[in-house]
Every structure is written in structure tokens, then in C-alpha cells.
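One chain, subunit A, links the two complexes that follow: it is found with subunit B in the first and with subunit C in the second.
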Partner chain A sequence: MLTRYLKLYYLFCKQNLKVMMEYRMDFLLGVLSVMLQQFAGIFFVKIVFDHIHQLNGWTFYEILFIYGIAATGRSIHHIFFDNLWTLGWQYIRPGKFDRLLIRPINPLFHFIADRLQQDGFGQLFIGIIVISTAMPHLDISWGVLEFFILIVMIIASGFIFVAINLFFATLSFWMVDSLPIVWTIFNLSDFARYPLTIYHKGIRHLLTWIIPYGFTAFYPAAYFIEGSGFQKLALLTPVVAIVSCVVAYWFWNKGLKAFTSTGS
Partner chain B sequence: MIVVKNLEKYYKIAKRDPGLRGAVKSLFHRKYETKKAVKRISMHIESGEMVGYIGANGAGKSTTIKMLTGILTPTSGEVKVNGIIPYENRKQNASHIGAVFGQRTQLFWDIPVRESYELLKHIYEIPQKQYEETLAEFVEVLHLEPLLGIPVRQLSLGQKMRCELAAAFLHRPKVVYLDEPTIGLDVAVKVRIRNFIKQMNARYGTTVLLTTHDMQDIEEICHRIIIIDDGSVIYDGSIQDIKAQFGDKRVIQFELEHSIDHFVLPEEIRSAAVVIPKTDEDHHVVSVSFSSKEISGAEVISCMMKHYPVLDLTIADAKIETIVEEIYSKGLKGRVQHEEIH
Partner chain C sequence: MRKYIEFARVQMQVHAAYSAWFWANTFSVLLRMLVIYFFWKAVYSSRTEIEGLPFDSMITYIIIAMFLQMFVSGVGRELAHTIKDGNVAIELMRPYHLITRLIAMDIGDKIIHFIRGALPLGILAFIFMDITLPTTWQGGLLFLLSALMGIWIGTFFDLLIAILAFWTINLWGLEVMKEAVISFFSGALVPLILFPEWFQTVSLFLPFQAMVYVPVAIYTGILTGTEAWLALGSQVFWAVLLFVLLRVLWSIAIKKVTIFGG
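And then the complex of A and B:
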């Protein structure tokens, strides 16, 4: 079962890559524009830190590190799960979703595998650069275990992005297109690129326990920052990722059921 | 193969007052109204049958097909396709069915046709040898060879439909649902597609349920038709039967010298004949339908010529098309009861 889906995913990917190469200009422009966008964000942080030395007790490289984890985690979502954005306007509204329902494979799998988003590679690239720039400046010695934990954290971060988007994209089954909601919620993730301690308690709780974007960047990064006070909470990141995915998938199935009983 | 019993599907539709005010009001307070898209439909289709499923737009055809394919869950009633309840075991059902939904492509938009088939091969887990044999056969019958290397988005409508059809039959499904497979195609492509469907049925015993507005499709492919109107089956039987029932039916098309906006039949023949509602805007042409048992063609013609400036006329006999048009516009009321036909 799993091997079948892995093989199918590989075949879908191969086709998507071929299409990507066909539109070479699109590919390059997409990657480039995302890189520029990311770069602008980092540049902004740099300017701020040219004037101050610490932001609420956080140094420039610590913030850069948080930023890097956010960008890398987000790139997983951006490259492999980008189709989630299109559920309403490209699948449900034009009736294309029906096509997925008459195939003998899981419709969510088919839907996700339908697209590979090249622009995400720009994000991945920037993320890795930023993380590796910040790493030597952190008060931690990087061993195999630390690297392993970092990778687990980044993957978990990516899946939290996926779960949150999946959850809100699923609303499309009831309202045809939930894109504005998905977009609004997604923008909340920008908050998580900075230390959550700088925000009001309400926002902190919201981003930790309700819409757990805090676990996409700040908490995982805090694990590696001595004296951040969040090292224990940070260990919850993979658990939060799993729980979010389970909840989102449960919600997706509910949405699917509602969709098949009402039609569009 | 397909067993449907008392199948019903109701939709809840939000009712809205007209205009912007109504739209704003509906944001806060909505009234719902239940639309009965399918009302207690029953049918029994044997393995290997080719059945035409026809009805006017909005009669409930697509809703029925969606329930048969498992896309929609019925409000009540029973559906079984090949022993499987489609909406409960959607994936299992999916591996035994194929479908073509007129305008919407089942293929992958950006990749060449051949690669689309390759993906389908894996999705449906078709054995390599069978896949090669089937594809070779389809390429020959549907003349696909020159199309295989082209991405779907670059194909013309006719080319695309040929490719779609091959995709629907590729995994040798037991049942194939064809929703308007010939819409908008030229005659040559239509003929090729019809031949292909007949050939598939003959060779693999594929059960075919076909919805179409093209009566030529029905007459050439199907032995049996099911007519649905306003969510209910109004006829289920052979094409010969319905032709016999309506064998006295005649249609005369009059071409008038100038257009007439609100055409009414002359008083003398109003009780025996009806005007067939038109789909196009050509007011020069009027089609009058009547039964030769009640009034003779000569009477209709002479009466029409007395009241209107007739330029030309054509007489058509009971084609299934005119019969269906008649049934849509008048229903079967007063002619045959649904039960009697069975």
C-alpha cells in the first residue's frame, strides 16, 4: 500500500518535473522571485539590527536562525503541498474535483501529487543559506544529534504548515472557495518568524495552542538557543506536527463527506 | 450490473431575493428550499447492455450518474454497481468503472497523451502486457498515433475527445459512463467515436450508460433508452417500442416569408397539433408536430398556407428525436402510462 503510493508519487513527480523543465523561464523566474522576497525580509531584519543590538533579549543571529527554520519548513510545504491553495478555485468550482473521486486512489493524495511547485526551491535555498549563516553564531556545538534534531524540527515545521493549510482549505467543501480564509490564516505565520516573547500573551497563546505556527519556527529554533527558556516546549514540535496533521486529515474527510452528500 | 432502487437526491438551495439587497440580506438570513433533483428512480441494467439515458437539461441525468460513480451520496434509495455500493466503497468502485464527462478532461493537462496513459496505467494497476495490447488497439481504432506525443492542452476538441475515450476504456472497466461524449464534434469524429464504443462493447462486454442530446448517438449505439424528466423516469424500454408508440407522429417544418415573433397555430388545427419549442432564435422557421391519426398532413399544410406566407416545408416522420422532443414538452400524459410500457 505504502510502496504503491510512494511509487505513484515518484511517477507524478517525474511528470511534474518534465512540465517544469518545459517552462524553463517560469521555473527560473519563480525561484528567483521567491528568493528576492525572502531576501527582502532578511534585509529588513538586518536594518533593524543595525540600529539596535538586541531585540527583547534576542540577538541578530538568533533571529536569523528562527527566520531560516521558518523559510526551510515553509519550503517543504511550498514545494510539495502547494496545490492546497487551489482546492476551491481550480478543483471544486470548475468541477475538476470529481475527477479525483472516480480514481481508485486516495483523493487527497491525488490532489497533492497533481502539482509540484518550483518556486518553493528558491525558498529552500534561501532557508538553508540563512540557517547555515546563523548556526556558527549560536552558543551550541553542532554534533550529529543536533543536526538530526534540526532536520526533524524542520520537517515537523513543514508539516505544521501543511496541516494548517489543509484544515482551512478543506472549508472549500462547504463554501466553494475558502482561499481568502486560508490566505489570512497563512499570514499569521509571519508572526512566528520573530521571537514570540515580543508579543502580547493572547497572540502567543493563539500561535502556540490554537493555530500552532509558533512551532514552525520560533519554538524549534529556541531549542538550540541557550537560555531561551523554551527548550522543553520545543521538544513538543514533532508531536504538534503529528496531532495537527491528524486533526486536519480528519477534518478533510469530514469535508469530503459533506461534499459528496451535497455536491457543488 | 447496475441496480438502482427508489433512488432519490434532494439538494438544499439557498433562496435569495433579487438584486443587491437580496444578496446582502442572504448573508445574514437564509431561507432554504429543497430541490428534488432525482425522485424515486429505479432501473436495472444488465451486464453488456448499452443504454441511452436521456432527458432535458436539468432533468437529473448528471445527478444520477454522479450517484452511480460514487461522487454523490444519495438522499435515499439503493444503488449497486457490479455488486458494490459506489458511495460507500468509492475507490473499489472506481477501479471497475470508466467515465467521460463531456467538457471536463480526465487527462493530465500539461503532459503528453502517452504519458497521461502511462500514469493511468499505474493508477489503475493495469498489467504491462494488457496495457500495451489495449493501447495498440485503441491507437488503431481511434487513430491516436499522431496525438500521443502532444500535451492535452494543445489538442483540438475532437482529438481530445478521442484521447479521453481511450483513457476511459484503458483499464477495461466493466461499466463506462459517457456524459455527452460527442458534444460539439464534427460528423467524422462522431462516427469514429460511436464505432469505438460499439467495438468495446462487442469485444469486452462493457456495459455503457450514455447520456447525450444527439439522438443519432442513441439510435446507433443503444438498444434501450431510459428517458428522465423532472427527476423521474418517464420511459424505459426499447427504441423500437417507443417508435411504435409514437409511430403516427409527424413533424412539419415551415419556412415563412418573414419572421413572426409570437407564432400561434391557426384555430382549426390547434386542438390536434403543437408547435415544437425552438432552441435557436430563427423566427422564420416553425415546426409543427401532430399525430397522423388525428389530423392528416395535408390538412395541416393547407391550413398553415391559408394563414401564413409559407415559402417552403419539410415533412419528417417519427424520428426518435422528435418523439423525445414531444415527450419533453408535453410529458407522456394522456398517451402511455409508464407502467404499461414495461
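And then the complex of A and C:
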């Protein structure tokens, strides 16, 4: 069962890669554009820190580290799960989703595997560069264990992005296209780029317990920052990721059941 | 002329039909204002001014710049998609100038955006976020003039970039790249006076600062007197140059369409 899906995913990827290679200029343009976009955000932080030394007790490299984890986690979402954005307007509205339903594989798998988003690689590069720039400046000695935890945290961060998008994309089964909602909720992740301690309590709780974007960047990063006061909470990151995915998948299945194509 | 006004009017009605996007936009802008507010509050928690700007000037600059940035891009996306799906060939046969039609639609779009989006949100910001009025009434008038110029420059730049859709299919990448460059160089994120010297010099020779920085700097009193008038002069220069460039590039690109047609 699992090997069959892995093999299928490989085949899907191969097709996607062929498309990518066909349009090489566009591949470069996509990667470059995302890198530039991320770079603009980092440059902004740098400019601000040219004039201040600390943001609410957080140093430049600590902020950079948070930023890097957010970018890398998001890149997992961007490269492999980008199709989630298109559920409403490219599948359900034109009636293409029915096509997936008659195939002998899990429709969610098919839907996700339908696209590999090359543009996300730019995000990945920038994320890794930013993290490795910030790492030596943190008050922590990097051993094998720390690296392992960092990778787990980043993967968990990516899957939290995925789960949240999946959850709200699923609303499309009832309302045809939920993109405005998905997009609005996604914008909440902007909060997570900075230490959550600078925000009002209400916002902090919202981003921790209801829409857990806090666990996509700030909490995982805080684990590695001595005296941040969030090290225990940070350990919850993988748990939050698993719970979010389970809830989102449950909701997806519910949506699937309720789904009647646009034609009927 | 009448037909173009009609296009603008229809575009306004189209807008009213998509209320889900309207609320999504409104809510997203509110969120961004919140992030901005708390971020700068934290920045100013241990000081009273940065480069001579106290907190209320800074937050005024950032918020006004954010609003203005929403208006500097336009119908580029529309044009790019028309090109990509080939409809441009049909559009070219219709009894109007495609670019002029798009600009008319854009004007309609922006008017309705201003009334339904920017205005109420702006009033909210004034009430809750320590935003100040322009320092002088001349400054206020000059700001209006300069902001219109900035929007004009942004619109033409947007269309100019969209024409590149004749050569690439990655429209999303094109758009993201354009947005990144604009927020980078236009001063939409922070006042350009906070940037390093060399960066300020570079951006002086680019059209981007004319889109956002110049009008908002006039509003907040960073640019006054002769400096403000000089900046306005450079806006006129860019507006004319981009207008001409757009016409030239468009006529080159159109030839490509006929080549595609065989």
C-alpha cells in the first residue's frame, strides 16, 4: 500500500519535473522571485536593527532565526502542497474534482501530487541560508541532537502550514471556492515572523491554541534561545503538527462526504 | 471617451459582486495594521525617536505607505492573463485601445477600492493608532497631488511588467518579483531615510521611490519646501517616461502577436 503510493508519487514528480525542465526560464524566474520576496522581508528587519539593538529583548540574530524557520517550514508547504490553494477555482468550480473521485487512489493524495511547485525552492534556499547565518550567533552549542531537533521542528512547522491550509481549503466543498478565507487565514502567519511576546495577549493565544501559526516559527525557534521562557511549550511543536493534521484530515473527509459536484 | 467611462463603471459593479473577497481583503488589511502597530510599538519601547522620527510620525508614515502601496499596482495581472490565454488577439480586434480600456477599468477599480476599503480602514487607523494629519495644509494638498502621480507611475509600471507575459508563462513569479522590488525600493516598508546611504543613492535613480516614498514623505513632513517640489518634478519625469516606454514596448509586443498568428 505505502510502496504503491510512493511509486505513484515518484511518477507524478517525474511528470512535474518534465514540465519544469520544459520551461527553464520560468523556473528560474519563480525561484528568484520568491528569494527576492523573502529577502525584502529580511532586509526590512536588518534596516530596523541598524537603528535599534534589541526588539523587546530579542536580538537581530534571534529574529533572523525565527524568520529562517518560518521560511523553511513554509517552503515544505509551498513545494509539495501548493495545490491546496487551487481546490476551489481549479478543481471544484470547473467540475474537475470528480475526475479525482473515480480513480482508485486516495483523492487527497491525487490532488496533492498533481502539482509540485518549483517556485518554493527559492523559499527553501533562503530559509536555509538565513538559518545558517543566524545559528552561530545563538547562545547554544550545536550537536547532533540539536540538529535533529531543528529538523523535526522545521518539518513540524511545514505540516502545520499544510494542515491549516487544508482545513480552510476543505470549506470549498460547501461553498465552491473558499480561497478568500484560506488567503485571509494564511495572512495570519505574518504575525509568526516576529516574537509573539510583542503582541497583545489575545493575539498570542489565538496563534498558539486556535490557529497555531505560533508553532510554525516562534516557538520552535524559542526552543534554541536560552532564557526565552518558552522551551517547554516549544517541545509541543511536533504534537501540535500531528494534531492539526489529524483534525484537518478528518475535516477533509467530512467535506468529501458532503460534496456534491457543481453540476448537481 | 464615453465607452471608457462605461468600462470604469462596470468594473465598479463587478467589484460589488465579489463580497467574499472584499471582506477577506478588509480583514487582511486589519491584520497587517495590527502586526505593524505592535512591531513598531516594540521598536519604540526603549527609545523616543529614530532618525528624528518619533513614534507617531513613524506609524503615520508606515500606515499611509501601506495604503498607498495597495493602489500602485493595477491591471497588470489582467493584461498578463489576457496575453497568456491568447485572448489578446481577439481584444486587439475590438473597437477600443486595449491599454486605455484596462486603465479605465483600473480607475474604476481604484475608486471603489478607495471608497469601500481604504477610506473606512483609514478612519479606523486615525481613531485607534495615533496617526497624525499632515503637518501643514499645503503639505496635505501637495501630498494628494504627489500620491496621484505615484499611483499613475505605479499603474504604468505594472502594465509594463505585464507585457513581459509575451515572453514568460510564470505570471505568479512575475507578480511576486514585481511586488518584492516595489516594496524594497519604494519605501513602502520603512522610510527611505532609514536605509544606508548607498541604498538611498541607488533608489534616487529608480522610479520606485516616486510611487510611495515621495508622497508619504511629503505627508509626514520628511520632505518640505524646495525638496518636496524637486521630488514632485522627478515624479513628473518618471510618469512621462513610463508612459512613453509603455507605448513603445506595447507596439513591439503586438508585432509578436501577428507572428504567432502566422
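Everything that follows uses one rule, which is that the second predicted complex is superposed on the first by the 259 of 264 C-alpha atoms of A that agree within 3 Å, B and C clash if a C-alpha of one lies under 4 Å from a C-alpha of the other, contacts with A are read in each partner's own complex, and residues count from 1 in each chain.
Everything below uses one rule, namely that a residue touches a chain if its C-beta (ideal position, glycine included) is under 8 Å from a C-beta of that chain, and two chains touch if they have at least 3 such contacts.
The structure displayed is predicted, hence computed values, not measured ones.
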item: Clash or fit, subunit B versus subunit C on superposed subunit A; value: fit
item: Which of subunit B and subunit C A:Trp209 touches, first, second, both or neither; value: neither
item: First (subunit B), second (subunit C), both or neither touched by A:Asp50; value: second
item: Comparing the two partners subunit B and subunit C, which touches a greater set of residues in subunit A; value: C
item: Touched partner set for A:Phe148, first subunit B, second subunit C, both or neither; value: neither
item: First (subunit B), second (subunit C), both or neither touched by A:Trp250; value: neither
item: Touched partner set for A:Asp190, first subunit B, second subunit C, both or neither; value: second
item: Partner chain(s) touched by A:Tyr5 [first = subunit B, second = subunit C, both, neither]; value: neither
item: Three-chain overlay, vertex subunit A: subunit B-subunit C angle, C-alpha, nearest 10 degrees; value: 90
item: Lowest C-alpha to C-alpha distance for subunit C against subunit B (Å); value: 8
item: Overlap of the subunit B and subunit C footprints on subunit A, listed as residue numbers; value: none
item: Of subunit C, residues touching subunit A in the complex; value: 20-21, 23-24, 27-28, 31-32, 34-35, 38-39, 41-43, 45-47, 50-51, 168-170, 172-174, 176-177, 179-181, 183-184, 189-190, 194-196
item: Complex interface listing, subunit A residues touching subunit C; value: 23, 25-27, 29-30, 32-34, 36-37, 39-40, 43-44, 47-48, 50-52, 54-56, 119, 180-181, 183-184, 187-188, 190-191, 194, 198-200, 203
item: Contacting residues of subunit A [partner subunit B, same complex]; value: 4, 7-8, 11-12, 15, 18-19, 22, 94-96, 98-99, 101-106, 257, 260-263
item: In the complex with subunit A, residue positions of subunit B that touch it; value: 11-12, 63, 66, 69-73, 87, 90-92, 94-95, 97, 99, 101, 104-106, 108, 110-111, 115, 118-119, 122-125
